[in-house]
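Each in structure tokens, the structures are laid out below.
Next, two complexes with subunit A in common: one pairs it with subunit B, the other with subunit C.
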Partner chain A sequence: MTRAKRKPARPKLAVWKFSSCDGCQLSLLDCEDELLEVAEAVEIAYFLEATRAEVKGPYDISLVEGSISTPHDAERIHKVRRQSRVLITIGACATAGGIQALRNFADVEEFIRAVYAEPKFISTLGRSTPISHHVPVDFELYGCPIDKYQLLEVINAHLNVRKPVIPNHSQCIDCKRAGTVCVMVGQGIACMGPVTQAGCGNLCPSRGRGCYACFGPKETPNTASLAKWFQNELGDDHRTVRDRFRGVSAFSESFRKESEAHD
Partner chain B sequence: MTDAGTRTIKVDALARVEGEGALYLRVKDGEVKDIQFRIVEPPRFFEALLRGRMFGEAPDITARICGICPIAYMLGASQAMENALNIEVSGGLADLRRLIYCGEWIESHVLHAAMLHAPDFLGLDDALMIARDNPDLVKTALQLKKLGNDILEVVGGRAVHPVNLKVGGFYSLPDRAALGALAPRLEWGMTAARELALAFADFDYPALDQDYHCVSLGGAGEYPILKGRIVSNRGLDIDIADFETTFGEEHVARSNALQGYLKDDGSPYLVGPIARYNNNADLLSDAARDLAGACRLGPTVTNPYKSILVRMVEVFYACEEALNLIRGYAPPAAAAEPATPAAGVGYGCTEAPRGICFHTYALDDGGRIERASIVPPTSQNQKQIEADLLAVVSANLSMDDEALKWRCEQTIRNYDPCISCATHFLKLDIDRE
Partner chain C sequence: MPPPDTPVVPSPTPTPALRLDAGRLPHLLAVLTADGRELIGPVVSGGAIVYGPITGADDLPKGLVDDQAPGRYRLVAGESGTYFDHVATANSWKTFLFPPEQKICDIAHADGALTVTAPPVDAPARAFIGVRACDLRAMGILGKVFDNGDFADPAYAARRRNALIVAVNCGRAGGTCFCTSMGTGPKADGGYDLALTEVPAGGDGAPAYFTLVAGSDAGRRILDRLDLNRATAAEVETAAARVAACADSMGREMIADAAEMLGDNLDSPHWQTVAERCLNCANCTMACPTCFCSTVEDVTDLTGDNAERWRKWDSCFTLDHSYMHGGSLRRSGAARYRQWITHKLAHWHDQFGTSGCTGCGRCITWCPVGIDITEEARAVRDRAAGT
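Presenting the complex of A and B:
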């Protein structure tokens, strides 16, 4: 089932789903003001969340949502990679394994028995892993969910063969820029901001809530120092510190190591 | 998944993408012998991974079950925790919860009705194809969806996985000016929802009448979103705490989602817009009921394809209700009721866009989760989806495979079962003996 092309030269965009909540690909449909323009600029060649139509690959840009958590998906991601000139992962599941990677710290057989009456029907891997553990990835976009403007920027940058302008500094910098008083220093509220990549738009601290790390670890985060802060200044016990690092980006390298130091 | 003596049909996700719906169908002498609808979503084990986490983490963790209806999970989890910890959330805080839930109904329903379901009735692949002939209709739908998302942003801070909700209420109260700015847009939203509903009412609806057992919240004196008992059109009337003794879930080989049924007799039941409407139409506003009438919906809807119209009536109602809530909003004294960890068992049940979503948790003395159980609407509807498919296929065996396949897809999309499943290619194997 192919669709008539108005501009044959339009680059082909594909959107793939693995283990996820659909929220990141929904961010593309949430570009209400831009969606029709995006559909002009690129040919939406494969996007099951939005269309029944399917244009065969190869694809110029593949957006990949979700983590690898089944034997079938571990094979399928290679097929996606082979068909994709540029592969961009979108969201915490695809870049860090997602919330479902909490199984990686537990016994998955026991997890299956806890949820399903007939464990023999379930096909799953022992771990939920990011796409980059399986195939080369050209760009990783963080967020749980991703920010739709960052998504548009990344698509735009790749269409124009330039580097995407995505900040890799900590959430703390964004709080300073916005004039948001530090919730940890000012109110003693635990905040993951010092180790978390900015990009959400300063959502939690500006509402009097500590950052809970939706956007994953920033570049070279000093997790041990923050953990010490939680323990010494806020009185967290090891289990509480561990769980702060064990959220949607639990299986990212730096957060995983820090949480395991408190196991 | 084969029967001895028949052709072997392998419904295998390898040939298609993950998350697809697959249908296995066996026909003998013009009679449907077997029908199986399969959901292939990788298991994510939320009920297992919640154990040991603090009660206050449940809303943010369960939000990640669904990017389209995170409010249903956040508020169902919050209600259950408040029930366990004896916390009462009322007044302005309850109003803000109903307001943000209206936002979710609007964004989720419009996405489904206009972008995912309407193309079926027009024989088109997607909403972008509708936009070629009727760009204004699609632009209106997108702006209406955006309005729903903007309510989520004003009250919740973010459209997908909002950050401002917690057990007991909110982290901070919404900005009054931002709330007020939504009012004129909601007035426009009512007009837009009416316009779309009337446009959709002119679609050609396939004939199908089903005698549904409609299960929804009810009896709270308002069109149900967050409050009420669990009621049905066949006399069911229970406290939400009795959900697990009334409804069961079974695990069948073909699906990674558990299938819901009534424990009494193992029968399927229906949740979602049609069930809500059939049980509570008298609680809609006059204007919403008028719109239902203008869309030629009677007091009881039995044709599942008309769920698209019920959704649009609910979008209209949600815009009107949100407007009333904003106009009548009195800021509460605090953004949240305090929550202190304690042992207990709690229940929560709300009307997600797709139907009732049930949560229960047991907490230990320190407020850590010992047991979690979540029953989303999609699993409750699975058995009924199979029953609908059986009726559709039986009545349309004369269709060629391609037409029947599309009709089956459309039938599944009546349920908006889960966005990934709803729009995925349906693999239809017909074994005609």
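Presenting the complex of A and C:
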């Protein structure tokens, strides 16, 4: 008995949103030229930002955007994990808690009273936390927003069962490879590059600005030494140093500890 | 006992010095351009002097000098209105001889077979303008790494062969230079096609000039087309005195016994001390004109049928550099700093028969937290001696 040879089913891709601004999901839509190719290689089974059509799980690859900041989020992420073979967090929110994790350093009740006319309708957690604090994560993609080429590379690598080429090294390596003259040494501009993971495509230093650490901490960051240089050589006070480490990756472990040392 | 060091650059017998009026520098550059060469020389970019493409003398940073210190670089107006009184540039010639990102090959997969296509070697005819003694030495060192017969990199060799070197003897020492103590400068002692020494205009109204010698046949052929007079003995002496004064004013030096001393102190407590400051950011290795490490990255298209293999500058300050089955060997910052300084100053001798350091000072200037290789070597020695 012979059976008709069937084309293997395309892997199913889902994109999930938690507490976030949608910017990272938009990076996927922004892959204009490549999106058709992606859509051919995978079945986009769940992606509300792009289409209302939903295909039931389980999913081969789940891209998760956003942090866990509400009781509802905290429940829902477990459902996503159960339905996902590979779970990839995309962006600073999902990977480090995002800018909304600034609440973790303050009293969230006070914020709610100050901001909302009817605080009683607000149901939120005291802290905004990364996905990895709640469920196991297979790959974390940094960036605020993520870089679309890095996103394509991660999807591509998973489809081809290889390691994604996403280096964990400093932004400085990308500056030097691109021939960008160091703005800190050359102009005395404070730069987070030496403790920040490369990946943005060298956006700020190549335009004469210091790095804001959008791509989170690099491997083995030496935050204390850089903070000391900011203070002793560039004239930062404690508050300024604290704020430099308290950006979109404020709640990553190394940046959190450094900013707290300057509270 | 490591084998004795071997010469890095050939020592030519230079031609007698000619005199080139400073105002005729454009003429020299025009002759080189007419020779079919792309000119690469010092230009201002991003607040610093870097080596980049130039079209003529107007692109040169005339009158500017660089104020360099550990972790600090500023351009300021010089006193003598010279073309070449700046010192080591932010980038180095490595950028042109061993580009930061090179595609090695395309790999296509079809009908069960792999086809590998290497791109053609990109090695344009160039003239490198303003090469310093330390950087000439760096090219000699890179030559031992990449153009050594057994393990030659043909692309490196072709780029180096196609570059005509116009050296400049330094007339001013920079704040982080230490070539004198490394025996590499400030006077170019070989490996060049032409070498210039710049003499600024005198207070008595004497115009600025260069003395110019050739160190190769290619250099002599260029000189033949310039129609220049011999420099007088006094002019040659004035030029030489300027270079000698530069050597005397060098404020930084490497300790004499660095190679052996570091080899004896692999367990120094100082490695931990420097690791507290070191950001393991890799700027030093990227800026260094002799650091040659690279990584290989493979990328595929979505179908997996087409791949590209790229070679990119890497550094012993990354975890990936020492990644082996099971993890990275050099996990601590202390181990990574030790790898860098012992390779540059000690193990390079065993590997290549020369120091890996030329004393150019780039790693000191461009370290974001001002870590100074000469100070760190001294500190390891002093701690071992208990002082």
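In this section, the second predicted complex is superposed on the first by the 255 of 263 C-alpha atoms of A that agree within 3 Å, B and C clash if a C-alpha of one lies under 4 Å from a C-alpha of the other, contacts with A are read in each partner's own complex, and residues count from 1 in each chain.
Please note the rule applied: a residue touches a chain if its C-beta (ideal position, glycine included) is under 8 Å from a C-beta of that chain, and two chains touch if they have at least 3 such contacts.
Small disclaimer: the values here were computed from a predicted structure and weren't measured.
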| item | value |
| --- | --- |
| Which of subunit B and subunit C A:60 touches, first, second, both or neither | neither |
| Which partner, subunit B or subunit C, touches more subunit A residues | B |
| Subunit B versus subunit C as contact partner of A:219, first or second or both or neither | second |
| Touching partner for A:208 - first (subunit B), second (subunit C), both, neither | both |
| Touched partner set for A:200, first subunit B, second subunit C, both or neither | first |
| Touching partner for A:32 - first (subunit B), second (subunit C), both, neither | first |
| Contacts of A:165 with subunit B and subunit C, given as first, second, both or neither | second |
| Partner chain(s) touched by A:181 [first = subunit B, second = subunit C, both, neither] | second |
| On subunit A, positions contacted by subunit B and by subunit C | 208 |
| Parts of subunit B lying in touch with subunit A, wherever the complex brings them together | 13-14, 17-20, 41-49, 51, 53-54, 57, 60-61, 64-68, 70, 111, 115-116, 119, 125-129, 131, 135, 138-139, 142-143, 145-146, 149, 157-161, 163-164, 171-172, 250-253, 256, 258, 409, 418-420, 423-425 |
| Contacting residues of subunit C [partner subunit A, same complex] | 45-48, 50, 71-74, 90-91, 95, 100-101, 276-283, 286-287, 297-304, 312-313, 315, 318-320, 331, 333, 365-370 |
| In the complex with subunit B, residue positions of subunit A that touch it | 1, 3, 16-24, 26-27, 29-30, 32-33, 35-36, 39, 44, 48-54, 69-70, 72-73, 75-76, 98-100, 102-103, 106, 108, 110-112, 114-118, 121-122, 124, 128, 144-145, 200, 203-204, 207-209, 212, 214, 243, 247-248 |
| Subunit C-touching residues of subunit A, taken from the complex the two chains share | 34, 37-38, 40-41, 153, 155-157, 159-160, 162, 165, 167-170, 172-173, 176-188, 191, 193-195, 208, 219-222, 224-226, 228-229, 233 |
